[in-house]
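Let me begin by handing over the structure; questions about it come next.
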């Protein structure tokens, strides 16, 4: 039966994350952002991450037997929104961690799970680096080549925009199989510990926003990966467990935009209630009301869609992979639009780096690049329509 | 030197056309539109066309020696806007007439000119049917095939959306040359009098708007066209005189949207000044002001762009074929948007067929189909950017 | 627990309504629409209504004891979407009759139910209509204006145990066909309309009551909007619904909470246009490949589906909140109905683009859906009034509401 | 006769400015922008300003008798666009100095010109700045609010032949660098600001006058906005520009007619982003073909060019109307400036999309243009105030204005 009430457990976790964001992240967000603006490899708030882990938040997606809570997609979205509203860069790192821990737990072999999950779950500062294609990109764009060698593989090439690249202790990367490759399909997904020989972190990307979410290049030169470090059924052609996992958690990418835009809206309401022009708070001017309403519509509708898509990911009975993509598309367009309006409502203040709205806007623009471009995502969704039911 | 003042002659013609539109077209527009809604082959206002011709308006684009005024692209745009504001269907027929008369006069051989222009100029109800590709479509979409036969051609196939098809005494159509075709390029442009054997008018398209602008199918079955009825240099590959002529007059397609949208805006201002809600004319509510402002911006910016593009078409020194296409693109998106807002401002009245705004909106949507779709036009412009200067 | 799964009853009704819409309605609606161009009052397919009634669809809003299902708001939205995707005008007729039968069933006295709803249940073509808008009063009623000069002007004066009504309504949905009417009259001309209007129940054959012309509309032809003309119509005190001067009162709030349903107009219309465009794009080839393989077309389809799914999500939440009144916020309803208008216009215009020039002709369904979509502009509230309501509600909004 | 051909002088200046922008500015602006992140007050390339001054570019707004060109509005817009397309912040500096030198040249007394403009002409790094906005007053000044509680608060009190100024300005363009200042003070606190403000001329080394911190901005780094702090600054009566209480009067109208110039901010920024994206799309291959051959990219580029050409057309007409005052309508200027903001944001975001993920990094120019584009949101008026001005002007608009 259709219902929109969080469980008590979900509500308590949401409250916990909101408080964590407000107390631990918001106070340091602007300063860390500025520092990272001067030095893109700048300081990551490791202390905050430790605190996050010690509250049990890091392990939420793990199965209970590994100390987790089997967190579903909806819960992931609800909690991520709270982090995104506080500091989008840190939140994106949290998202990576949850996503990849879930990937190993759900798609890894028994050996992989028992090798890596304990390491992950017991280390409060264990971040994983994401070099996979994600739910939106296409295998054609892969720049890493995997060549068979005995029972293992040799990886060569360069991977850009590896999420948490400079912070991670373990990488998960997709590579394209060279030549005729046998039963594994056209791509493979490898687990690559940081210290693997032949792997070298490259340039850290100097981004306009989400600066605490460090992304970097990763160079592979004759990097040997044993066969047992390849994720089973990671075919990359959309039918494998990994592809299905990524499609399933697509709505969590929608939560990026929802959280950032919500924060910008909240700040805008505060500001317009305080700022007086024309003899009254500008909130009371119809045109300002109008803009706030457009923002509120955007945020709420996006959240409704993300939640609905997340529910269908969790309850696979009516699952439709297109729904998750629509939530990413809508939320990702919505967030920069809402933050841009927030900047307008702040007038000249919106343009000043001592006010947070410009940071929300810079962070929100990241959402357009969940795929290579926003059009990549539109095309991916369009392709799904060629054959499926209406 | 940059200047925005019409010449006295232009201003007088504009005034003449505005008055003509207000007195001859507006009073009958709704009734004729409704009749055409019941019967798409319904009555064309031939009397109004006669009046139009007798004022000398029909022959404006012809050279002076043929009784014309060598009307340029800017004048065409200025006058067309006035007709569009009065009745878009009739205006579109006028546009066709001007366009094709200009085409023969400018691109025809001496023989063609002296054969057809006098017939055209002396017959007050002479309309021409347009089966050419126009400035936006691509030769790949041609459905007529031309096969060499001696010094002439045999045309077969079916042409859809032939402008003024059911009204015309003469057709100008593009056809695709079958097989290897020699020096004429891949398409040819033929002059086809209505009574030519093998040409048969097909179904009249039952359109949602611009219903007085009758468009129909035209069937060709073994239709023989003598070589001398082919427009010289009509190569169709973008380099011929015909292609250059069509590119040059592209801004006139922009004037379609400007005229219709302007009329919708004028009616909206009238209505909002009269309609009282909340104790005052709704014009005085900020949110209504806001909407009217958005409409006004759209209309004025589109006109500015159309004029600027038209000027560059007339003064070929700085001519850039992309400018005309930008004016079509902008005005064509703008007009449905403005008319849609007009409908909103009219509330329930906007939805009633006894009020004119819904007709403006239906007419305006035609602008999206100057090419096959609006995207066709965007792609055409995009293609022009591949190699040309910035 | 957050859940998006429909109940078995909802699924069963949904498939019944879907089947009816596709098999009974779909084959005839284009022709009805065409007929409306010359005969707006004569285009309604009564047989289709009868067929629906036999299936129990006409009376879904009736109380269970009278043979109905008393469907809740969410179910209403889910079923309405199915009909909307086939013909928005006909669907809006269902919306009216579901909602008004429920309104009388919930707010009416036993005597009123006996007098109006029992005959209603038995007559397969009986429809109900409510007259609110007048030539001089529209938004004033829905975006409450407190001046006594605004709002409803149809006069209602008490004479003995009866009220005498005089005045005109227009744009009244289903009026050309309905047999039962609710008419809002101004019972207190010295109070602002929100405090001085009353709902009167009456049969269409009441002396002095007549239907004016049927409006000739841009779209939604089968909704059969018409004028009501009341000349000395006498209504007994006992046929007042809810109470004197309570026409817009809190007690009328169930009726006032129809915004998620109205939002479904836009959603269903958009879905109809999307489905038509998707089929066309799959089945039509140009330059040797299906249209859908063209990037520009694929991206348009993606944008369309995105808006449709977003709108459906917002409507479901708003509808659920109406049904679970402790979570009800007027704003959520306004959001759904504002956004659905945006959705309908954008999706239907995109659909028309996908059809290319064919889309501009009446041979293909896109242009009808686009015309129908504009119905959502002004039903309940204008688009801008919905926005203003949302904006003004935000003063306390320092944390998110969910 | 309608004509779009630039004069020979305009063409000559245009190519001079274009060459300067591409050769002197372009190589250094990314580095200056980066430097501004850690040192907002120290990032300005004074050498580039000197080079411009040597070419005569700094003094284009000066009266001819003082060695300038007294360029008209259209020429100003055409030249400004060239610099904007390379660096919007630096370009805005030119805009300020051209406009303010012209303002003083046209409205100043002979004595004022001698005192301020002659030294200005001789000093290659001398800039002029005008202080209007205050922490509590922004839109109130530009969308006239008639309450005495609104608008400029910096107090100016007459003492003998001098005025004593006290207060703070912020967001003041070029303030960190300028040597000459115009400061708006409230000379009549009992009148609404539009009737009670005055423009005072002063040198930056006037006792009591100092520059506060330089604002750390999202974009437009080289515009060097800063605070002005005035503590008992004494200005002689003779340094009042135009007259007491005429700070916003009709006489200030030439200065007030800068909207087409400000609209050029958006146009030039958009053009810069477009040119960068076009080059990238031509030169970058993905999956074996240039990006530009990808339909989605080609359509984005088309939309970008469309908005740029539309904006340029609107700006030219508005600028022409300022220069030909019998055709001047404030509305035309508001249209150009509203639309150019729409254009800048849309074009720059599209540009960023064309760069793909690279576009989100500071290694490529798209993100800087997008940040710079947001400068247009609040210069002169906020976007919504521009719209309101347009809307309110339409009451007489029953026939088209052109």
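Letters are used for the chains, namely A, B, C and D, taken in the order the chains are written, and counting of residues starts over at 1 for each.
In the analysis below, contacts are C-beta pairs under 8 Å (C-beta built on N, C-alpha and C of every residue); 3 or more make two chains touch, one makes a residue touch a chain.
The structure presented is a predicted model; accordingly, all values stated were derived computationally and were not measured.
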Tell me, please, which chain's centre (mean of its C-alpha atoms) is farthest from the centre of subunit C? D
Pair joined by more contacting C-beta pairs (B-C or A-C): A-C
For the pair subunit B and subunit D, the C-alpha centroid-to-centroid distance in angstrom is 40
Check each residue of subunit B and list the ones that touch at least two other chains. 286-288, 290-291, 375, 378-379
Which residues belonging to subunit C are in contact with no fewer than two other chains? 295-297, 299, 384, 387-388
Please output the residues of subunit B touching subunit D within their complex, sorted ascending. 1-7, 10, 74, 262, 265-266, 269-270, 273, 283, 286, 288-294, 296-297, 299-305, 307-309, 311-312, 315, 317-318, 322-323, 325-327, 329-330, 375, 377-379, 381-383, 385-386, 390
Interface with subunit C, subunit B side, in the complex: residues 34, 37-38, 140-141, 160-161, 205-209, 276-279, 282, 287-288, 291, 336, 340, 343-344, 347-348, 350-354, 358, 361-362, 365-366, 368-369, 372-375, 378-379
Touching residues (chain side subunit D, partner subunit B) in the complex: 1-7, 74, 275, 278-279, 282, 290, 292-293, 295, 297-299, 301-303, 305-307, 309-314, 316-317, 320-321, 327, 331-332, 335, 338-339, 384, 387-392, 394-395, 397-402
Going by the contact rule at the top, pick out the subunit D residues touching subunit C in the complex. 294-296, 299
So in the complex, the part of subunit C that touches subunit B is made up of which residues? 37-38, 133, 136-140, 143, 145, 147, 149-150, 170-171, 215-220, 286-287, 296-297, 300, 345, 349, 352-354, 356-357, 359-363, 367, 370-371, 374-375, 377-378, 382-384, 387-388
